[in-house]
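Each of the next two complexes has chain A plus one other chain: chain B in the first, chain C in the second.
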Partner chain A sequence: MTLLKSLEFAANARAAIADPKLQAALVNIRTMFQSGRARQVAATPEFEDLREAGAALKRETLANLDAYVARFVAEAEARGAQVHICADARSARETIAAICRAQGAKLVTKGKSMVTEEIGLNPYLVEQGFTPVETDLGEYIIQLRNEPPSHIIAPAVHVKKEQVAETFRAAHGNRPADRDLSTHDALLAEARAELRARFLAADVGITGANMLVAETGQMVLVTNEGNGDLTQTLPKCHVVVASIEKLVPNLDDAATVLRLLGRSATGQHASSYTTLSVGTRRPGETDGPEVAHVVLVDNGRTAMLGTPFEEMLRCIRCGACINHCPVFVNVGGHAYGAVYVGPMGSVLTPSLGDLDPARYLPHACTMCGRCAEVCPMKIPLPDLLRRLRFETHERKLTSRVSRAGLAAWTFLAERPRLMRAAARLGGWAMRLSGKGALRRWPLAGEWTRARDLPAPEGGGFVARANANRGD
Partner chain B sequence: MTDLPAPRRVALFATCLVETMRPSVGFATLKLLKAAGVEVVVPPGQTCCGQPQYNSGDKAGAKRLARRVIAEFERFEAVVIPSGSCAGMVRVHYPELFEDEPDWAARARALAEKTFELTQFLVDVLKVSAVPGRHPGAVAYHDSCSSRREMHVHAQPRALLAAAGAEVRDVEHAEDCCGFGGTFCVKMADVSGAMVDAKAQAAIATGADTLLAGDLGCLLNIAGRLKRLGSPIAVRHVAEVLAGEPAAPGIGEVRE
Partner chain C sequence: MSDDRAAVLAAIARSRSGTAEARAEAAARRIARPPAAPRLGFVAQAVAEGRTLADVFAEVAARAGATVHRAATAADVAPTLRRIWVERRLEGPLVRADDPLCAACDDLADTRTGPAVGDEKVGIARAAAALAETGSLVLVSDAATPTTANFLPETHVVVVAAAEVVPAFEDFWTDLRARPALPRTVNLVTGPSRTGDIELTLQIGVHGPRALHVVVFGDGR
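Up next, the complex of A and B:
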């Protein structure tokens, strides 16, 4: 995971706000995702109970994660899968490449998977001589554009339809140059035709998993395109890559999570495809892989257990916090310069890696609390972001100006008379112009870029209120 | 909290923004509380609740200011604050702030339980249904994020404004933050600017000539953007309208 761009958050955000194409694309977040979720929640009177149940079952799973992982491994292996537990990104990448090599694979199809982004799988597979092809439409588009996803459930949400047409024209050179790509249907048909051949030719199919069910060894995969099913059933070998917090104890729990997931993510009561699968094709079955692997990725997660950040491991990657984040809605995902974006990303990125290169992410938030309000797993995202802010302050990762300013404010606030005198002086100076609102003011350059600075009314309150007592 | 016997004597924590930027809000709050029949004390040692420190990561600085507030206010029956975010700081965050200091945590919890946002105290605790102010006409109302989500204040200011004869209009996308966010507005000025622009445009679209809110941070932010856009909308704290005879011109305006 390279985080260099996270250090440029403010500049990235500025560029994003000035980019009209991106701004036009981001409107979809509101119209599709925010209103979709609102409709579903309104139509589900028990939604709050579901959230409670979802959070509770994940809490319980995390409290006994070792036992659930062990049970999952035993059940999945009994059904023909081989399970690999990988401590870090590198060992996960190497394990997956070794599986592909053992299959003599060339073409590898992939279902959408954020954890494979996290471990940097695609560049590694290419380096090792394999050809990974993303099969989720959004992922396919950004793979062709050589861009990272900008959203965990809608990876190409930053791309407009017209840009997709350009991308397809450049990538699919074998097709007539004068073809019509002006409609969603035309784009979809072309992507489908291109991908169909790849599905059939692939030697290995790699998918993520929305859940792993301990009691049955099954993986649960949710998609709206069916690409996950073609990826996992057509090639000879299927590899599931999932982070360890995807465990749920049993199928009842999986059902609870599914009810929360579709509603919170895309505003669907259920996604178009929900697939449960385990292990290899059994005698007499006509489809399914002959070889099945599950790669369980830790990559910093067990270190979060037992800390306040354990709460973050309840995340089911629905994206609701992202869709409702006023910062994300204005700047999109690429500004974060990280694999995971928005509120969940700004907690997860520094928790899984190092805070230093991600130091601005916890501050890219107004603490408005909307993310926690919509999170189906009741993760207290603002509180976790604030804890990371404490750490940035303690480790002096915040600017010297900001630390000095806070120290000065604390010093004044401990001296009420001095503070009031300073405020009177400042207020008097600001009113010298005779204007109620100032266009510019020393040290307020950032404030006055977008708005005027209302001048203080003057006079103070506390001293006058006490002088007037008895009025 | 609503079944408390109504306190007779309360402390007013005006907040540092009221002290430094808009004392009128303090006087309006005093008037409203007195009109509701309670005795009000304005403890002279009050300054800032420590929220800037807390949300910027300076936990030690926040604790220093929180200890002062607890010591200054814990002797009162109730503490009333004309700000959802400062009330939220005391009510929700002080107990969390002292999670590793049990003695202070207990004192913080005791204070938290009797701390109220102004309109919440008037409506839920004092059961006020009439106010001194009259404001016939339409007002746009902005719910601050902390009022809405931490203090669960939404109906209370609307009920009081209705009692003052006002027609309250919600702004579109009312759940969206205005982009103030304390130091966020200067640390992430571009994002904040985009957010406050959307909020100002939504306020203009209501057609109301007055915008009210219960938090001075949001009000200074939105007023600043409205001024920059050349909008004539008058921006005020809700207490000013409820108390009647607003003494000062709107935020960011000068007396003619």
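Up next, the complex of A and C:
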């Protein structure tokens, strides 16, 4: 995983909350994505059944994954694609660069792809002498700004319109300096013109895939802009980059996932463009790629199989958990310091790599459970986050104070008499130190810095339970 | 070029239960006979209430931002296309499907068939099918209907027969599986090109067509 800056989560989060521009941008997540999904779910009585079917088909895929991968490879290769299976990020990057080199490529257009972010493809292509251009509008904006995406489906959600205008002025130097870029329309027209030229000139087009269909070898790509289609149709060579869990058994399964994806992601019953493609142009066809490659990426996923984190491999990257996370909608994506953000990111990032540099992410969670409620694949995200917290404790990645506190609590919890005595003593001390509320309390500095701790009133739980039993 | 195929497949196999042969057999069975998954009931319900699949398609497509025109018979397609051309003040260059149903505007503009090159203002396409559930047009690549013509023009006009509208994805998959060879590309097009990437504000026409017109013909409507 590239550029993991997750250890600064607490500082990043504080800065994000203090940033008025970012806070204004994040309001859009709540108003657009949350309400959009709610409307679609309300209008789809079959939604719960679809979630069940979606989770079941992904479980089946994972249970026989090697067989589905093998079938996909055979079907895709029969239709003119060359399939490469890459164990890690480095192998994937080198494979893709070698394909570009074999094409004599200079300009490489890219459709939006999280796995290419994960493997750090763009910086590597630049280093190897190629010019990768992101064509999804949001990805294009953040590529010009040299920033990572802050959301898996709305990568530039943190950028305000005025900042986009500044970015375009700096990047498109050949255009009149006094042009009007104050409206959404003007920005869109300029992006369209700039990117149209790149689409037509590109030597290689790289896209991700929302699904890979084992039955037919097809990849399924969902976009609203049409950029993925121009990227995969115009250049001589198309490269699909996808992680191995994108497999689905059959076209009917793809239909189930499609019914869940748009509704969960953007609140659309269907995205503008859903494309199924495989291999090279057929005899008689007059456009489409003449060379086609599929790069399947493992990069830590096979190591998740057979562990509790296998459930995370059902994820279809819709972003619903992110949009509904009370932590994400307050701090935004960059605070996580990782490619994948929000609840799915806080599970996937440590699962794919090392827990140590990602150790704070499982704690960036209030355990409210909304992510699991909205997940179309029924991934038990809070359970997985709790399990990761447990692992950080076991591996002594948490602070000494927190470990000592938990050890002390465990010691008491195993000794009921002592526990009751300690609770009585603690309650008495707290009542003495504050009238109704405590401004500060030892070992609870993080809590009391932002709010008061209510002082206990009346007897403890056990005392009350005993009293009630007497009634 | 590295290929870790054997190593990755072996890593998967290590964590899976049963034998590789048993898994291959289970997967082949599952691919051939998938369990019935839920389909959205509103299409069948509308049909039971006396509406046609073409009606449902037209309504859902309009909700997704397409402008739907009805032509009673195949002979009415040409005047409908010419009316759209005049009313929308369209201009060439025009790229169109190599299909007589799409030829009505040839005398109005610089017209070509074959793949689009990028300067086309209008594309007139012929759909293979349409999906009532999603309001999607199904555009299939072949010699007469190249894929680039669906994405490069600013205005996209698509002709589809009412009889070609099927309820949902699975019904078109049946047709796709019956073909002697899979086309390189199948585009399901639902409304015009759109983005929400600047401040999550919906905007139409980013890279693909800014407007989508659909002509549904042949059901006397």
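Methods note: the second predicted complex is superposed on the first by the 425 of 471 C-alpha atoms of A that agree within 3 Å, B and C clash if a C-alpha of one lies under 4 Å from a C-alpha of the other, contacts with A are read in each partner's own complex, and residues count from 1 in each chain.
By our rule, a residue touches a chain if its C-beta (ideal position, glycine included) is under 8 Å from a C-beta of that chain, and two chains touch if they have at least 3 such contacts.
Since this is a predicted model, take the numbers as computed values, not measurements.
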item	value
Partner chain(s) touched by A:Q218 [first = chain B, second = chain C, both, neither]	second
Touching partner for A:M32 - first (chain B), second (chain C), both, neither	second
Residue contacts with chain A in the superposition, chain B compared against chain C	C
First (chain B), second (chain C), both or neither touched by A:E290	neither
Which superposed partner A:L65 touches (first chain B, second chain C, both, neither)	second
Touched partner set for A:D354, first chain B, second chain C, both or neither	neither
First, second, both or neither for A:A98, with chain B first and chain C second	second
Contacts of A:R259 with chain B and chain C, given as first, second, both or neither	second
Partner chain in contact with A:E127 - chain B first, chain C second, else both or neither	neither
A:F390 touches, of chain B and chain C: first, second, both or neither?	first
List of chain B residues in touch with chain A within their complex	12, 14, 16, 18-27, 30, 42, 44-48, 50, 52-59, 61, 64-65, 68, 96, 145-146, 149-150, 173, 175-177, 179-197, 220-221, 223-225, 227-228, 248-249, 251-254
Footprint of chain C on chain A - complex, ascending	25, 28-29, 32-33, 44-46, 49-50, 53, 56-57, 60, 63-71, 73, 79, 84-88, 91, 94-95, 98-99, 135-138, 141, 154-157, 159-161, 164, 184-185, 187-188, 191-192, 195-196, 199-200, 214-216, 218, 224-227, 229-230, 233-234, 244, 249-256, 258-259, 266, 268-282, 284-289, 296, 298, 302-303, 305-306
Chain A partner contacts - residues on chain C that touch it in the complex	1-5, 7-9, 11-17, 20, 23-24, 26-28, 30-31, 34-35, 37-41, 60, 64, 114-116, 118, 134-136, 141-143, 146-148, 150-152, 168-170, 173, 176-177, 181-201, 203, 205-209
Of chain A, residues touching chain B in the complex	9-10, 13-14, 17, 30, 326-327, 330-331, 363-370, 372-373, 383, 386, 389-394, 398, 402-403, 406-407, 409-410, 412-414, 416, 419-420, 423, 426-427, 434-437, 444, 446-466
